[in-house]
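You will see two complexes here that share subunit A, one where it goes with subunit B and one where it goes with subunit C.
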Partner chain A sequence: MNAMLYFFTLGLYLAATITYLVYLVKPQPSLAKTSRWIIYGGFLIHALFTLGRYFEGGRTPITNLHESLSFFSLAIVGVFIVFERRYKVTILGSFVIPIALVLMSISMLFPMGIAPLNPALKSKWLVVHTVVAFLGYASFTVAFGAGIMYLIQERFLKQKKLGAMYQKLPSLDKLDDINYRCLTFGFPLLTLAIISGAIWAETAWGTYWSWDPKETWSLITWFVYAALLHGRLTTGWRGRKAAILAIAGFFVLLFTFLGVNLLLSGLHSYK
Partner chain B sequence: MNIIVVGLSHKTASVDIREKVAFAPTNMEKPLRALVDIPDITEAIIVSTCNRVEVYVTTHDIAGGIARVKRFLADYHNLSLENLDPHLYAHHGEEAIRHVFRVASSLDSMVVGEPQILGQIKTSYGYAAEFKSSGIILNRFLHKAFSVAKRVRTETKIASSAVSVAFAAVELSRKIFDELSDKTVMLIGAGEMCELAAKHFLNNGVRGVMVTNRTFERAERLADEFGGRAVKFDDLFDYLHKADIILSSTGAPHCIIGPKDLDEVMRKRKQKPMFFIDIAVPRDIDPKVNDVENVYLYTVDDLQEVVQANLAQRAEEAKKAEDIVNQEIGQFFKWLSSLEVTPTIVALRARFDEIRRTELEKTLANWKDLPPDGQKRLEALTNAIMNKLLHPPTSLLKKAGQGGRTDLYVDALRALFELQTADEGEQELGELEE
Partner chain C sequence: MTTNNKGFIQGLWDFFCSLKLAISLLIGLAVTSIIGTVIPQVPNIPEEYISSLSQTKLQIYDKIGFFDMYHSWWYILLLYLFTVNLVACSMKRLPRVWKIVTEPNLVLDEGLEKSLSLTRDLKLKGGLAALKDGFTGFLAKEFAAPVVTEKDGEVHLYAQKNPWCRLGVYVVHLSIVIIFIGAIIGSLFGYKGWVQITEGTSESKVLGRNNKPIDLGFAVKLEKFSVAFYETGAPKEFKSILTVVENGKPVPGYVNIPIVVNDPLSYKGITFYQSSYGPAGEGGTFYFTVREKKGGAPIKITARQGESVQLPGGRTMHVTESTQDVRQFIPQMSGPAARIEVHSPGKQPDSFIVFRNFPKLDEERGGDLVFSYDGSDEKFYTGLQVAKDPGVWIVWFGCTLMVVGIIMAFFMSHKRIWVRISSSGRVVVAGSASKNQPAFQGAFDELTGKMEKL
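What follows is the complex of A and B.
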């Protein structure tokens, strides 16, 4: 049953990615609607799948890479839906939903079974720490999508190539605004994730901070976004600069999430 | 019944002729009444805009109808027909329908896709309806034209992009700034195009206007006109950072704003985007300004290119629109032709029956030893012969009516049997309406 929901979600994300990408090149308003309903459906089924796993395993289903990737993807779709409804930019999906699909597909590579919980993770902090972290990650992913869109639209405007895609992309101001909102949403969540992690580490391992690779890289990620937020508020790092930093931040974040787990070994390596 | 169109437009007549033939909107009753009073013209609509004057009428006699409407146009405006005739076009049948559908869909406009024409035709139709000069056929015709225009508008992108430099500038600014309502426009120098663009920006809701000019009085006058504020030319750089959109058209021989000037300005603005529109020749703004981060510079040539691209896109879309028009013509023409079928069948039957009765009466009058049931039998016999003869043409006509190609048969039958083309059919129209 649960496996069925999982593959159903995967199928819907694939379908949504296709319709969103076609919408990018074909100006059909009906495609926007279709894509939207597919992604709503995908989100619902994905949420059901996640809840199912929660009850089946009796714990927050974010304990290994398979579950983390799936939850990351769910969070991205959720945050995307919020921003899409708030800003009425369907085309954002053409840049964000494929990422959710890719993460979901990668999750297939890792064992799906519900393994007995690593004793170190048995804590009420698990849910706070992980959910908050992935919601933060998801907002930064949406900021990444908006950043890419900004750079494309900026290029069109600077080079005066005003084609069909230019017509469909929203204004620079709107993209910049989405970028900023994502940042003000994601940054406190990331901060909270690090703080809750430190408290949990103190109760589980006896120390707040042990310079574990995950901790180090989380801190680096935090500094990147802190710099962006600071630059934005003080000297006006907006537009192009903010877009580039949001994109760079996303790659650092990906490394913090995936690279650290797969390449470096440490306390956080839950495969 | 035929629809004919007689008129002239920007394509066939210059403005000095068009204005002589134009009808005043304040006095539409008189010409409309005059038109329907012309013999054999049953319904009439007059469309009169600054780019075209057209008369739509229904008549049985195409050639005569066209001649009478042309004569009416000349006489009504006290012009000589010889001078007017070369500018007039006349359409009937499918061509008339195509013409009106194209006009309503803005495919025949000077700027293809411009939206006013549909409203103008609706107003013209309103006059015709008010003074009851239009009837079943033109009512249906015009409603069809409106729905075709609507289809064209929703199914093609014929009117979706700006085709004037001023509008192109507004559209571009909408892709840089999301909202114009909190943006300020600055005019540097004056000039027709600059002022026009400023007006467009104001109409699209910008918050304020600043005007600067080497002649301060001129700046003040313009600022008054736009409800903005005048800035001394020497103070330009003290105010530049407050402007989001800059329209420049001074007569300066060299650039007045360069990329270096913007360092300070952008810092003061905290890097908020700026949109420069350089309308001056020679240029007012160094092209390198476009390389400054968050600054966008468009010259009048760039805008012209945008307009050209949009026009090309419209031409592409116009092809799709023509396809829609062609589809709809078929449908409407089918309906129009079917109007002729029933009256023709009725007239044909009446003609046959009339002959039968006359001949029967003649025979009976001279038949002395007619058996008691003779008359009854003769009636039945002649009736049967008549029905047998009428069956093939009647069913053929009905079938043709569904296919839309009836005019040939209708004309042939009318000529062969000398049928009356009176308005007797008109009562039948009601039931065919649906």
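What follows is the complex of A and C.
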């Protein structure tokens, strides 16, 4: 049953990715509507799958790479839906939904079984720490999508290629606004994730901060986004520079999430 | 000379107040922090890593402090610069913001009106007094109670929401400084250590950094240790039952306290965390039943760890290793198991495993003696992480403050509305929000729409 929901979600995300990408070249309102319904369906099924795993395992289903990749993807779709409804920018999906699909597909590479819980993960902080962290990651992912769109749109403007895609892409101001809004969600959530992680580490490992690679990389991510937020206070950093930094920040974040788990060893290596 | 000095100090102040410095420091901290995640840090440097480095590289890394980089002078210096920058920036900008919060502009004069993007001109009927009462009541009901100022025959109303949220940024900055203070106190007056206690014994000293023994001032006794396993053989939970002993007596309220991972024991500011465990390798006792294959009454045998025991027919046996759950080594099996070695006169020693959960299994081995394993009361040791950190509560206070500050700074907006009523019935309404102007514009339009009907 659960495996079925998982593959159903995967199928819907694949379908949504295709329709959103087609929308990129053929921006028709009917296609936008179809894409939207597919992604709503995908989100719902995915949420059901996650809930099912919660009940089956009797714990927050974010304890290994398979589960966290899947939850990351769910969070991205959720945050995307919120932003899409608020800003009415269907085309954001063409840049964000493929990321959710890729993450979901990568999650297939890792064992799907519900493994018994490592004693260190048995804590009430597990749910707070992971959910908050992935919601923050998801906000930054949407900021990344908006950043890419900004650079594309800016290129169109510079080369005076004002075709169909230019028409469909939101204005630079709007993209910059979406970028900023995402940061104002992502940054507080990342901060909360780090703080809740510190509290948890204090109870589990006896120290709130031990410069473990995961901790350090989350702090690096925090520094990068803090720099971006402060940069935005000076006019020169809005727009293009902010878009580039949001894109760079996303790669730092990906390393914090995946690179640290796969490439570096430390207390946090829950594979 | 004095002017020069002043110029220098002013320059230094400006340098530390600059946003550019803040951004450079944030990026600098981000980039340098990577080093310690790539190069192993003390005390967890593998021998192979050290030997893989060339002598010069090793010396250079050591000199720069790459092996303990988060405590190196240059990283600490970056953190101090960051703190000074944070404080200077806040000190420079806070007075202006404080003024906006505590001494708001109550009068909507022309200059202010021009500086605001949200304004609305209304033409309403009714006298000055009636309009004043009407608007005061309306604002109090729909937005916030206004301050009324009368000036040059005109009435000015000023109403605001969440003025304090403008201070959120400074609350966050302050919280970072407080967290740093907590961390410094912890590193000056606290320690991190490690202790290994065998079941039934107690320890009053722990090993600190560089294996330096630290006296606790009391002792901790391990009453009992237990471990539970999952089906797969992976540990599910390990639990130490501890008693705090002071001046030779158990401390009331600290007797037989169970601790598991994520649930430590604290006494006098020193906290003990369950970290690891293992067989103590001494003093364990194993129980076996032995009978001769050709028949005869079974004999009970008690073997202490490392001790040779006489068996019928001049044979001897001893236990070489044991486990509480064999599944992690032999997945098809489960439960406790022991490897024993039997020496028969004139023969090669015979080494094999007996399983408690499979008492009949040893018959299939085909030996002259058939063994079954009845279990052990083998002793365990528990590995406890020990920490004393008097700064931790300051750090938690800082974290709480940070969360409050972030909520103020990111999720609240200082909204202001000014109204100027002239005796002619002309009413000018203006508004501003410190954040998310588009959302406020919607609310402003709705408010002014209702005002038109007043």
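Following the convention adopted for this analysis, the second predicted complex is superposed on the first by the 268 of 271 C-alpha atoms of A that agree within 3 Å, B and C clash if a C-alpha of one lies under 4 Å from a C-alpha of the other, contacts with A are read in each partner's own complex, and residues count from 1 in each chain.
Note that in this section contacts are C-beta pairs under 8 Å (C-beta built on N, C-alpha and C of every residue); 3 or more make two chains touch, one makes a residue touch a chain.
Just so we're clear, the structure is a prediction, and the values are computed from it rather than from any experiment.
Visitor: Putting subunit B and subunit C onto subunit A via the overlay, clash or fit?
Guide: fit
Visitor: Just to be sure I read the superposition right, which of the two partners does A:T216 touch: subunit B = first, subunit C = second, or both, or neither?
Guide: Second partner only, subunit C.
Visitor: Name the chain, either subunit B or subunit C, that contacts more residues of subunit A.
Guide: Larger number of subunit A residues touched: C.
Visitor: Could you say whether A:L162 touches subunit B, subunit C, both of them, or neither, answering first, second, both or neither?
Guide: First partner only, subunit B.
Visitor: Considering only the touch criterion stated at the top, classify A:G57 as touching first (subunit B), second (subunit C), both, or neither.
Guide: neither
Visitor: Using the superposition on chain A described above, determine whether A:G41 touches subunit B (first), subunit C (second), both, or neither.
Guide: neither
Visitor: Have a look at where A:I195 lands relative to subunit B and subunit C in the superposition and call it first, second, both or neither.
Guide: Only subunit C; A:I195 stays clear of subunit B.
Visitor: Applying the document's definition of touch, where does A:G78 land relative to subunit B and subunit C: first, second, both, or neither?
Guide: After superposing on A, A:G78 lies clear of both subunit B and subunit C.
Visitor: When the shared chain A is used to line up the two structures, what angle, as a multiple of 10 degrees, is there at the CA centre of subunit A toward subunit B and subunit C?
Guide: 150
Visitor: Once the two structures sit on chain A together, report how near the CA atoms of subunit B get to those of subunit C, whole Å.
Guide: Once the two complexes are overlaid, subunit B and subunit C approach no closer than 7 Å between C-alpha atoms.
Visitor: Need the overlap of the two footprints on subunit A, from subunit B and from subunit C, as residue ranges.
Guide: In subunit A, residues 177 are touched by subunit B and also by subunit C.
Visitor: Once bound in the complex, which stretches of subunit A touch subunit B?
Guide: 27, 153, 157-158, 160, 162, 166-167, 169-174, 177, 235-241
Visitor: Which positions of subunit C touch subunit A when the two form their complex?
Guide: The contact residues of subunit C facing subunit A are 19, 22-23, 26-27, 29-30, 33-34, 36-38, 41, 70, 183, 192, 230-232, 234-238, 260-264, 271, 273, 275, 385-387, 389, 392, 395-396, 399, 402-403, 406-407, 410-411, 438.
Visitor: Using the touch definition up top, name the residues of subunit A that touch subunit C in the complex.
Guide: Answer in residue numbers: 115-120, 122-123, 177, 184-185, 187-188, 191-192, 195, 198-200, 202-209, 211, 213, 216-217, 219-220, 223-224, 226-227, 230-231, 233-234, 252, 260, 264.
Visitor: Would you tell me which residues of subunit B are touching subunit A in their complex?
Guide: 157, 161, 172, 174-179, 267, 269-273, 290, 293-294, 296, 298, 302, 305-306, 309
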